[in-house]
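In the two complexes below, chain A is the common chain; its partner is chain B in one and chain C in the other.
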Partner chain A sequence: MSKIVACYKWVLDESDIRINSDLSVDFSKAKGKISDYDRNAIEAAVKLAEAVGAKPVGLTFGSSKARQSLKDALSRGLEEAFWVKAEEAENADGAVTARALAAGIKAMGDVALVICAEGASDTYARQTASRIGALLDLPVVTSVLRVTVEGNTVTAVRKLDDCLETVKFELPGVISVLPEAFQPTIPGLKAVMAAGKKPVTEYDCGSLGVNLVSARKVMEVKAYAQERRNIIIEGDNAAAKVAAVVSNLKKEGVL
Partner chain B sequence: MSESEKFDAIIVGAGPAGAACAYTLAREGKEVLVIERGDTPGSKNVTGGRIYTYALEMLDQGLSEEAALERKVTREQVMLLGGQRAITIDFHDPSFNRDGHPPMSYTVLRAPFDEWLAGKAEEMGAMVACGIRVDGLIEKDGKITGVIAGEDEMYADVVVAADGVNSLLAQKAGLIGEIDFNTVGVGVKEVIELPASTIEERFRLTNPEEGVACMILGCTEGIHGGGFLYTNKESISLGCVFMPGEVARHKKSIQEIFQDLKMHPAVYPLIAGGETVEYSGHLVGEAGYRGIPKQIYREGFVMIGDAAGFVINTGYSVRGMDLAILSGIAAARAIVNASSPAEIGPLYMQELERIQLLPTMRATDGYFDVLQTGWLYDRMPALATAVMADLYSVDAQPPAKLSRGIREQMKAHGISVWDVIKLGFKGVKI
Partner chain C sequence: MAGVFVYSDKSGIALELVGCAKAAGKEAMVIVFSQEAAEEVKNSGADRVFILQGDNEVPENYAQAVADFLKEKSAELFLVGATARGRDLAARVAGYLDCPMASDVSAISFGDGKVTTERMIYGGAVTQKEELTGLSVVTVAGGKYAPIEGSAEVETVTVTPDNRVQLVERAPVERKGVNLQAADRVVCVGMGVEKEEDMQMIRDLAAVLNAEIGCTRGIAEEKHWLPPEQYIGISGAVIKPQLCVSIGISGQVQHTIGIRDSKVIVAVNNNEKAPIFKTCDYGIVGDLYEVVPLLIEELKK
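For the complex of A and B:
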């Protein structure tokens, strides 16, 4: 049975990320989670596989921390999980990520369709689907709002700035789905229990021959915070208060 | 697990009670499923708190050494607040923390602790399913035979309710009614982050291993209840518990009274400059032995931990997590030793005696009466601090005679000698 692959990323939960007073960023208390948008990609894979009788599988590129993701991913309806493992994943750029995922897709074999989210919830770089397509020489359709598969033909509706575009391509191929395209379901008890028993395949980047050298170097991570002037204008006269607002704004150079 | 998906036990709730029960059962080779509503164990918890290590050691030797704990409690404090005044009693006994023995108790943050303990149960072979709410019980021929979660049904010889205070499962099993507001307190808590070195300076601790547990009286505007403060590694857990019925009639809200506590001149310097990273509220059992439901089991169903009312409040300390772990062990022993599901409940009651849980609850029953004394929560701390103020006030005038001063202060605070005698009688029954 051919596979429909949902690619997902194990990211830090942004709600646990703290910003220190010196604008440095504290990731130490942040737990991991499957990128919110990737849950849509997983749902898309499960739904499409059900419709065409394919096997929905998950694929992630991650460090040893990504082990925690496997059970979660499998509880969402995927039948098997593949994990391309490398500690370098934590600082990987889009090119490295795509190379690793493409190598995983090649290694598992018999892949009909690769589904990515439009972007990850941490970087939202929107590169993975296109880069995988380029590496594997497959057709790529991004910004997918709706998708159907009939026989070997995929019909996808793309949401663009001012219109909807319908495109068709022949399998195999790669699509990236928009967050609103598929609503992820919350796994039930039996799904969670079954997840622990589903097969997991670990790939070593070395044996897959993945080039893990990032072209991008992260120089610094710093929080962005708006500076507040904390000016309170008091008084009973509305006209005077408005005048004070205007004069303050002028002083700041915004008027 | 067999084809019919039937477990030896399904435990609902992955707190200390549920995890201890699962750990013990899995170690004995039983098929156990733990269902937790939070996305991770402990994520829904609000406890203060502190844990006594003897219970962890009873669960498995050496467990307290690797547990996810904060600071060993080296100083026991009671703070009496009267207006702006404060008395702090600070007790230290090195024998509580001897070399070569597990320290008697630790402060604890429950999110990491519960996750760790549930992880230990998983290592032993229990299955832990998180993010799942149990909606109901399955009943057949008068026996509980399983649980319903969403569209899924799961069967077991016994369902263990470890779902905490106000156990919805026990209600569904018909063993308890709607919660009685006289038997619970409503608690609020903040976790306030501070650097470890700041905590050590402010609480006069010599190293990052040591910590303080402090109970605070006189911070509830006369409402039955009190405050608590625990030093964690890099934060302080500060909270307050109130009897909900009295709060409802009170003009100030819980948040306002709690805010006043934070701003009290004896408390504020301890938390100044800290950052509140967590604010939460929860119910806590307050009735001690009398809060245990008449019946805590029926065929195919047992209640453990807070769900069974296993909490002790003596006014100077609060115990719950150790009792939760003991009850989890007791239930597991009963399940292992029972030759039929019908035997589990009666065996569980025997194990609760043998593990000294029920004897402990009985022995501390008298504290409930003492703590019912209304004037303990405002007039007593006010009187004590006023007497201290008299003692330490020095000016050009000759001081009043001490005994007369105390009598006058008692009169001024509306506490009679008779009140004290009555309290004494309640006290000697403890």
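For the complex of A and C:
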């Protein structure tokens, strides 16, 4: 049975990130999660596979920390998980990530469709689907709002800046889905229990021959500096607080 | 021909990107895919305009052709407008070249065989400075650089597009008269509003302020109380009004990235610990159902 592959990334939860007073960033308390939008990609793979009788599988490129993601991904309806392993994944750029995922897709074989989310919730670079398509020289359709598969033909409606564009292509191919295209379901207890018994395949980057060298170097990471006055108008009298704000806005010349 | 090669499906952004490259003292070449697009950029002050001519109406289908062209011309940078199409084409070109790419950068500077960029990560909470070596791809949103003027020679090059993805139809998205990007004042509404009928109160506030209405992703995508064009944030609209009034919004970074270019931000929220109070100029801790009617009354005075 041919596979529909959902690519996903195990990321740090941005709500756990702490900003120090010198604007340095403390990631030490941050827990991992499957990137929010990638849950839409997983849902898309599960739904489309069900519609056409394909096998929905997950694929991630991650360090040893990504082991935690496998059960979570499998509880969302995927039947098998593939994990391309390398510690370098934690700081990988778009080029390295796409090489690793493309190598995983080649290694698992018999792939009809690759589905990515629009972007990851940490970097939100929105490169992966397009890069994988180029590396594997497959047709690519991004920004997909609606998609149907009939036989070998994929018809997709793309939401672009000023139009809805309907396109079609023959499988195999790569698509990226918008967050609003597929609403992820929260896995029930039964699905979580079953996930532990589903197969997982681990690939080593070295044996897949993935080039982990990037021409991108991270020079600095720091918190975004907000320059806001942060004046919170105090008091119990709501009308007085409102009047104070309006008076300030008049002084600022924005009313 | 080293230099910066520019592309945007929005001619206005292409003009700005030429301005960016020329201001850095670089040679700037514009890539277009049609005669009409060439007309729109031939007075951009670029050194040359190249029409990559093929029989396909979808710009992204020229990715392989663009990658080959950039290599042939020994380009140093492919600078692309960060629209949905631009990002896709840019990333596919980066894929075919297997070269580094920085997406949606907020700053760019040129060095010897390198570019240094800054971009936001973690929903805008953190900025990352990166150095890209060799031929690279960078995308930049519109509105960051000033266009220049000057005529450019136009040259046509015949290329072979990828015809595997076929266009079936295009339907323009109907804009419902809201232009958030251009608005001077915006009332922004979040999940603190309990019922759809309470949106009337928000419309009343917007009316007295002569403001447009924006919202968080939840209001547009979960509640469907406003169309998706009206949600503000990292994957929605980014606004820069004189005044942004934020009502019932907790202030997650995915949203606040879209309002932080506002001159003045006012926030109303009943939770004094809500992160919106760290991103606002004036904050009122209180029940929006009490504060908003008072605000309307005060503004009418």
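The rule is simple: the second predicted complex is superposed on the first by the 227 of 255 C-alpha atoms of A that agree within 3 Å, B and C clash if a C-alpha of one lies under 4 Å from a C-alpha of the other, contacts with A are read in each partner's own complex, and residues count from 1 in each chain.
One rule holds in what follows: contacts are C-beta pairs under 8 Å (C-beta built on N, C-alpha and C of every residue); 3 or more make two chains touch, one makes a residue touch a chain.
These figures come from a predicted structure and were not determined experimentally.
Does the superposition put A:192 against chain B (first), chain C (second), both, or neither?
first
Specify the partner with more touching residues on chain A, choosing between chain B and chain C.
Touching more of chain A: C.
Thinking of the overlay built on chain A, is A:167 touched by chain B (first), by chain C (second), by both, or by neither?
After superposition on chain A, A:167 lies in contact with chain C alone.
If I apply the document's touch criterion, which positions on chain A are contacted by chain B in one structure and by chain C in the other?
Chain A residues touching both partners: none found.
Would you mind writing out the residues of chain A in touch with chain C in their complex?
12, 14-15, 17, 19, 25, 93-95, 98-99, 118-119, 121-135, 137, 139-143, 155, 158-170, 173, 179-180, 214-224, 226, 228-233, 238-239, 241-243, 245-246, 248-249, 252, 254-255
Spell out the residues on chain C that touch chain A in their complex, using ranges where they run on.
Result: residues 10, 58, 60, 63-64, 67, 83-85, 87-96, 98-104, 116, 120-134, 136, 162, 164-173, 185, 209, 221, 228, 234-235, 242-243, 252-253, 260, 263-266, 272, 277-287, 290-291, 294-295, 298-299 of chain C touch chain A.
Note which residues of chain B are touching chain A in the complex, please.
Per the touch definition, chain B meets chain A at residues 33, 35, 40, 127, 129-132, 149-152, 154, 277.
Within the complex, which stretch of chain A touches chain B?
Contacts found on chain A: 18, 31, 186-190, 192-193, 196.
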